[in-house]
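In the two assemblies presented below, chain A is common to both, partnered first by chain B and then by chain C.
Coming up: the complex of A and B.
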């Protein structure tokens, strides 16, 4: 409904523009289609934009804390995430916790045993309607328009932590101390380390996607195939097919943030 | 005019000296925090805002509270406030500077604070808060200075200044409204997500600001031979009583919504603040004694003040001490309610519906005390200036 209306409005806008300056519009269209090939293939989606999303198939992760830890470790290495023992200072991009913590708004009165006993993975939802972006006073947190990833500019962030207040998923961490001495694993030279006093979170592996690789956590879970990742706007993509075939849930859908991470439970 | 601040009794200098020591302690604590990190505070991943931001929130209210003098005097021509309106403006300036200091010490990268101006982001309420706070600071600086200078020269203030005076009225309302909007527009923070947050902030501000002015007047009557006049004090007390009652009424409405709807998200924070909340077999209730102290101080103080007024004792000299006690009680109550309960009550319940308690560290309290000392220092100097000018005019 939402999407249709927006597409219609966009189309109407383009049509109106075309009436005034047709050549300019053609040029623009040409330029964008050569830069982002997905645009042309994806005419049924939201005006040709990619929106990355993830499906976590929990059925394959129940009773597999080892895989969950492997995923977290892969992310830790890929993004030079420091380790702090004190929960107060922790930096978490992807982590596991109980069903009640991950889905507090879903009833937990009489859950299946498997749900009670297992832990659930949490990470940034890369919301389509992200409150963290809305509140940031410096645009240090922003949504990448071409792929929907909610990204961060660590060099612009002033560390006001307003985004942490606004994120209803606790997906953001602040560097309370200098993080570099606390990176216990090998340093990944392909990703920057951060400085004290800025916020960070999962970036959907934007840097790996740009190189044509898969998200690190998806790769780490490959042996059980628990993670699907792809373009939510493309009806032919694997994620969309998985979503079409399986009932899924999102975290706190009632808040209107439109999370891009789905769970099969 | 500045030279007046440099001439004073030994008592004045001793007082400033004591404050300077506290400022020094605050500075040392801040330098430690600056070089080691915000990890030195009690804040953490779950409680991302603490003492600093809650003090900021409270002090925005104190700054806005001066409106309760400006409005009657300039708009309703209420002459009894003539001598003390300047005190409202001279309270707003230090309060705003304290606000800015609390924001600065809260930032993880304070040296980048200019990014808020270099990359203005109108969809962020923090951006608007900065605009209205700086605007209100500017308005108060210019109004107080021009009006005090005119008073000293015993001429009427220039006409153009009234544009700024009238402009400062909506600005006073806006600083606290926008500060409330920092909180009340965040999805998932149920305790803050209430349309009554802004009115409630304003109500408590219109009590807390004037209380400081009453207390300062009573003090200056003793030590600086400055009498605000019984009528003025009596009138401010009326304002304080109504504002504090309105605030209490709004808080009661929050209680009704939470406990009648029985929606857990709305109840949890109030549970935590007033009764303690159990989570995974542990009891979390570190703020309960504070919140009940706040309730009793508020009603105790209000009863005393109302009794003074009803019995007409308020006009006697002997009443001064009781007025001071009543005002102090209400002030402390509002301070706990907003400067502690509001921010921490909202944060103690995490997005995972777990409960985390916050305990400020010594270093953090040192910084906080230092900033309060800066504010009190400035109030002392500015109020001395205002009183000296009054005395000069009288002579």
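Coming up: the complex of A and C.
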């Protein structure tokens, strides 16, 4: 009788252990069989799905701070972006900074003079693997599956600023103050403003694309043709052709965020 | 019952006092304070749904539009009486209801609801005159 009870309890114990650990074991097995590449290539196997991307031809923007400012102004008007003088409260959708700041992974000791002297345009990269989306607790920041745009729903943003910590590109700004009194340009009646306490960033002009228009910054740079915009998943698109013909770089590619904005330097 | 002469009139007076607001309302000649809204100054007659449905559901519809436009990639348009509007508070509703102060605000103030729409969305007055001039 005693031995029987011992064997029974042993068997029960083993069965319970197996039952509890089964999900973890299957998960481990799954994970090891589909290892994610650390530095991923840009979107494979996405036929039929749009992924918007941009190529910035810096050769046409060197020594052209006027065009760069024109592009920023177009975005400012299109999206009712406020202007703050204090860089700590600045709201940035598209901005310019040195090569060193834009491409720390690419900087070298002896850059061409033109690179040292010029400013580089930056905006949200609409990453294919966006860390900002992963950390947002409210899904106020999300990736639109049908076109790859990393979008925001300001109605939902609670201003926790996790996304600002997560974005390695400084592409997000927080409204420390009520933005409305700081909108210095004319107002765009078709677009809302934001309120104090939310984060904002470039939206790849989703509202303009939906109307069949081009991004405002691309339009503003039309006279030099410095911006190409289109579907990165379509081999026939203009962006893909430009990418195929020109050596390009992305900002901080080593982080594996897979940026959708490319630069010809 | 002891002190009937005091208790019965006392009870009657108490009941009358407690129900005073009802009596006052029934016999008063003061006008109703229910809010009245002004209809679109442009004379538009139809909305996307009948008025009573809009009255009850407009906030739900606005939330659905918000999710359609921002999340579901369905920016689409709505057509009323042959006129096409973009989905949205600023792009559709306020195009006809250009009198937000006499339309939205009348009921919202009466019901003491403070929707946060206008923290970000522009009222027709602001759209026309700009933020500084309108405020």
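To be clear about the criterion, the second predicted complex is superposed on the first by the 219 of 265 C-alpha atoms of A that agree within 3 Å, B and C clash if a C-alpha of one lies under 4 Å from a C-alpha of the other, contacts with A are read in each partner's own complex, and residues count from 1 in each chain.
The definition used in the following text is that contacts are C-beta pairs under 8 Å (C-beta built on N, C-alpha and C of every residue); 3 or more make two chains touch, one makes a residue touch a chain.
What you are looking at is a predicted structure, and each value in this text was computed from that prediction instead of being measured.
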Comparison of chain B and chain C by chain A residues contacted: B
Which superposed partner A:176 touches (first chain B, second chain C, both, neither): first
Chain B versus chain C as contact partner of A:146, first or second or both or neither: second
Which superposed partner A:100 touches (first chain B, second chain C, both, neither): first
First (chain B), second (chain C), both or neither touched by A:252: first
Which superposed partner A:110 touches (first chain B, second chain C, both, neither): neither
First, second, both or neither for A:190, with chain B first and chain C second: second
Partner chain in contact with A:162 - chain B first, chain C second, else both or neither: first
Overlap of chain C and chain B interfaces on chain A (superposed complexes): 195
Sites on chain A touched by chain B in the complex: 86-90, 92, 97, 100-102, 104, 131, 134-140, 156-162, 164-170, 173-178, 195-199, 252, 255-257
Complex contact set, residues of chain A against chain C: 142, 144, 146-147, 151, 153-155, 180-181, 183, 186-187, 189-195, 207, 210
Chain A partner contacts - residues on chain C that touch it in the complex: 66, 70-71, 73, 75, 90-91, 116, 119-122, 126-128, 130-132
Chain B residues within the chain A interface of the complex: 36-39, 43-46, 48-49, 103, 106-110, 112-113, 115-116, 118-119, 121, 123-127, 130, 182-183, 185-189, 347, 350-354
